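A short worksheet on the structure shown next.
Naming follows writing order (A, B, C and D), and every chain is counted from residue 1.
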Amino acid sequence: MRVDEKTLAEDIVRMSGTNVKKCMKCGKCSATCPSFEDMDVHPHSFVTMAEEGDVAGLLKSKSLWKCLSCFACVERCPRGVEPAHLIEAVRFFALSPQGLNKMKPDVVPIFLQNLEEKGAEVPQQLLTSAFRKYSK
Amino acid sequence: MPINAESGEFKPMIVAFCCNWCSYAGADLAGSSRLSYPADVKIIRVPCSCRVNPLFMLRAFQRGADGVIMCGCHPGDCHYTSGNYFARRRMALLFSMLEYLGIEKGRVRVEWVSAAEGQKFAITMNQFAETVAALGECKRLEDLRCQP
Amino acid sequence: MPAVKEIQEKMRARAGELLRDGGVSMALGWKRGEFCHDPEPAFFESEAELDNFVYDGFSSPLLSKYLIETIRKDKQKGEGKGSKFLVFLKPCDSYGLNLLLKEHRVERERVYAVGVGCPGMLDVDKIRAAGVKNMRSFDETETEVTIHASSGDKTLARRDILLEKCLVCKGPEFAVQDEVLAPGLPSFEGGDRFAGVTELESMSPEERFSFWRNELSRCIRCNACRNACPVCSCNKCVFDNPQSGVQAKSNADSFEENMFHIVRAFHVAGRCSDCGECSRVCPQKIPLHLLNRKFIKDINAFYGAFQAGADAEARAPLTNYEFGDVEPGAVVKRGGGA
Amino acid sequence: MQRIGVFVCWCGSNIAATVDVDAVAQAVKTEPGVAFSTNYQYMCSEGGQAIIRNAIAEHKLTGIVVCACSPRMHEATFRKTAATAGLNPYMVEIANIREQCSWIHKDREKATVKAIILSRAAVAKLNLDSPLTAGETPVTKRALVIGGGIAGIQTALDIADAGYEVDIVEKTPTIGGKMAMLDKTFPTLDCSACILTPKMVDAAAHEKITLYTYSEVEKVSGFVGNFTVDIRKRARSVDADRCTGCGDCMEKCPSKKSKSEFNQGLSNRSAIYIPFAQAIPNVPVIDREACIKFQTGKCGVCQKICSAKAVDYEQQDEIMTRRYGAIVAATGFKTINLGRFEEFQYAQSPDVITSLEFERLCNAAGPTKGKVMRLSNHETPKTVVFVQCVGSRSTVECGKTYCSKICCMYTAKHAMLLKEKYPETEVYVFYIDVRTPGKGFDEFYRRAAEEYGVRYVKGMVGKVAEENGRLRVQASDLIADKQLVIEADMVVLAAAIEPDPSARNLATLLTASMDTNDFFTEAHPKLRPVESPTAGVYLSGVCQGPKDIPDTVSQAGAAAAKVIGLLAKDKLVGNPCVAGCNEPLCNGCSACELVCPYGAITYEEKTVMDHGVREQRRVASVNEALCQGCGACTVTCPSGAMDLKGFTNLQIMAEVDAICR
């Protein structure tokens, strides 16, 4: 892990391609989020935390893995802040030090099996988007 | 311009065309803020940068100027709405042509200075005077008949 | 494909027709000059005068500019009001006429423009350089020219003895015309007309300076360039006007190097159709087109491709602007339109 | 040859401490044309001015150079001084030896040399000065107001009350505009119609005001003080002079399926219609698109029924040409199209409405007689959700980046009105910020929350979905950090407002500039807020930017004051430093016309004397009333025919020469 949280936060924001300063705290992202109830940190707070450089908070939040990447917040945000892209970027930073950023096709059936057995623990939409992103 | 006889120091002769509404006011602000720049810079007031005929610049060089600078309102801020846009095209073409004719880069310059930018005006003039001083006397466009 | 002589006859016949009953009171064409290689612009007022009409590989001079004075005199006489003047145009000449129309120097309704196909104009200097002395007459086809001279007969490939402007031909289309005779002659387009400019741009400032000093110092201020130029048509030129503050009628000292040619090039910037007449007529062989083409090249690079005279409506680059135009400082930094 | 006096100012020690003023005065003595030179402590003081006046008289000076502070400071002062001494005020040049010399240089010798050079340049310029007189143009004492909403009406009334003729051009069949559609007005809750209709009547009855409704401006030419405007009076198909406004035709008209514009499409109207009961003029108009007679040729009921014989199917559009001294744009606004905000279901659900529609539902004269009801089942809603900032403050393509300014207040008003009528209703307002700068505004909003129990929730609505005949509103409560789901019966969207689309075309006609949102640009955002940069064109109401009624009325009055100030003048005195064409030199090429930002240059066929030859030529002609003296034309002109008085080519070159000497 990098020591310098501020630099890391800047990297995350830059990588996400979002401009967190454009956020006017309207909360439409949180209002529109289908995973809101499962999250501890809600999309609008996510943006604020990124703006404040609270990387530790972002990395350990449950929300990081609850976001479905459905992009409803991206679609609805009136300022073009795109919180989902921010979450994607944080995910990448959470995964890359663990060497887990290369998702392999053979792990997908296991997840899917779990899905059938235990119900919707890992939403399929997340799996698809994760596979698309991390198998690159 | 002649080299100062006593010190041997080269003092460039610089003509600055300033539009009345932004840059001339910017120069005044530099003055009232006591921001100094070389005395070699002499300002000619014009209503708008679009009043500056490329001919005037050539004329200055012909008469022995070592550098000529034109200042106007920032694009979009012209008092006459569009004057500086026309000036910008004229100067872009003129500068490119002067370079093509082998006149040293740095003897001509355009800078947009607003009425609030006294500091920018002073910095610009300091930089420009420095650049021109480094280039030395401008002989390439000088006309000997025009010398005393 | 008609031979050049045939085109000449067609033109002569058509001019005759139009003078006789086509409502045209005068025809502007070329007549034989002192030598076989210098036909000169001429007015033809009757069919009989057309005997001297010439159209060949040396009919380079632009005619449209003469319309200004012709129409002006016609108006002064107050007679023949509304009468038309026939002018012959090679494809590249049509751009010049369009410029005159656009700048209201000539009224469209007073002109009957007859376009004629052009086989490519010949450069007498290149012929001389090929060893021809005292040229007396010549025969030409689209590909070859046979010179009859005191030094003997010589056949040269047409391409080798074309004027520079014809090697970078704008193509066989007419920018403006009322009718076209002998269209579709092959043209020699395709050359890089900016090659000379690019070459100069790649030199050091000192080399460029000495190049231009060497060229421009030969200027004798004969004003041939100015007089040949289709857009240099001011009622009174600033250089002839004591009130302009830049009057200078003859060459003395370094005015030509420092002011005259720069100012002239700037005056026609955005209006120059690149007809190449200035360089062709220069008795001192100064490559003046390299000044104009520098502006054309820069204009194309900075503000988008523009061909002056291609139409009579579009705004010229210097009477137009865009918010995001390049800054003069950036131009100097990157070394012009290179 | 000029006789020039040079007056070097010390400005106390401001100049004299750094510049040897006496040396400057001595050095310029030998300059061509200089007949007198002196220096004095404060040239701008009465004593200094007296020295100048005396010297002008004593030395028969033809012009003066004052070497002092910036011309931006005292040029006007010294021009007046010169004028009182009988000199032309434009025979004055200033050498700026304070701001551009003494204040920035420390070395006395260098500063003195520079001051001498600057003074020489001023002398060189003055040698070529000639007396200038400002041109005068007469003023047509009549104003045109475009737009008949509250902004236009108020502007017209104020101008007319000052005694000037005013015409109002309104594109719809009646004046009144958006304000006529409103129910109550904040922050006083008085009825909109009660305060607007008297003004409408006043405007119609005012002897100085002429109304052109159902009319549009088609062409504008001329300039400040002298506009010529073509107005297209569209055919009403009803003779206004004969019509008694009885309304029989509307009743009998068989085509009754057109959406009422006035009621925001919430009710239908007949093809021949008066938009609303208090419309002015109270004369119907036939909507030819909807009229059976016009579409099929078979009907004519209204003509048969009309006892006044006012219905005229043959009526044609009429073009009138009128002259005006001033033009006021008061074109107003419309709400933006919400069709693309799919998350709010505006296009899909009848129970999702805009605030303006809600306004009509509340109104006792509205389509429901003031009963607020769900349009799907005509039941009174139990839970109503108001959403703020719909399309405002948004950088997405279908939104507007600006704040629409009025929504916070009218939403508080709506919430209150609703609670007043139906106290049991649950009312939510979702806001991003509540913006209430205005007299009594914050108190008004707090009343809604505190006295009426309106639930203000900080957060946006993310999604509205129809579910079991109700609206499922999913929103966030940012303070509680909760996601709320509300089963609502009605959702009211505070749609962003945008300039009326007709403004774009009008701006082109008036050559008035607009910003990227199509609001008219003011001449100066702070100091000239009701004037357009185009002289003689003024701005009133929302066409300049979002505004509520109090702001609109104030601005309308301010625009009227500017118009009155203009019309009160018999003549307009222009800037004498204008461009002029030396006709024998002009080629007639039109280049200058293309670069003139004011349309001040036109071309005309003129008889020109050139070297004793008289001939007809196409030459440029400068309208001195329009020319602002920028000089763009002078540089564009290839032949040097165009020159700028006060800044001529020769003068600037003389300055260059003097500096480079």
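Keep in mind that, in the parts below, a residue touches a chain if its C-beta (ideal position, glycine included) is under 8 Å from a C-beta of that chain, and two chains touch if they have at least 3 such contacts.
Fair warning: this is a prediction, and the values are worked out from it, not measured in the lab.
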- Item | Remotest chain, subunit B as reference, centres from CA atoms | A
- Query: For subunit B and subunit C, what's the span in angstrom between their mean Cα positions?
  - Reply: 37
- Counting in whole Å, what is the centre-to-centre distance of subunit A and subunit C, each centre being its mean C-alpha position? 67
- Query: When the C-alpha atoms of subunit A and subunit D are each averaged to a single point, how far apart are the two points in Å?
  - Reply: 48
- Query: At which residue positions does subunit C touch at least two other chains?
  - Reply: 245, 318-320
- Would you mind listing the residues of subunit D that make contact with two or more other chains? 595, 636, 649, 653
- Touching pairs here come out as A-D, B-C, B-D, C-D
- Please name which positions on subunit D make contact with subunit A in the complex. 343, 389, 393-396, 399, 432, 458-463, 474-478, 481, 483
- Enumerate the contact residues on subunit B facing subunit D in the complex. 13, 15, 20, 24-25, 27-28, 30-32, 34-37, 39, 42-48, 50-56, 59-60, 63-65, 79-83, 86, 90, 122, 148
- Message: If we count contacts the way the header does, which residues on subunit C are in touch with subunit B in the complex?
- Response: 197, 200-201, 205-213, 245-246, 252-255, 258-259, 262-263, 265-266, 269, 291, 294-295, 298-299, 302-303, 317-323, 325-329, 331-333, 335-337
- Using the touch definition up top, name the residues of subunit D that touch subunit B in the complex. 70-73, 96, 98-101, 103-107, 110-111, 113-114, 117-118, 121, 513, 533, 577, 595, 597, 628-632, 634-636, 644, 647, 649, 652-653, 655-657, 659-661
- Item | Partner subunit D, residues of subunit A touching it in the complex | 22, 24-33, 36-37, 42, 44-45, 72, 76-80
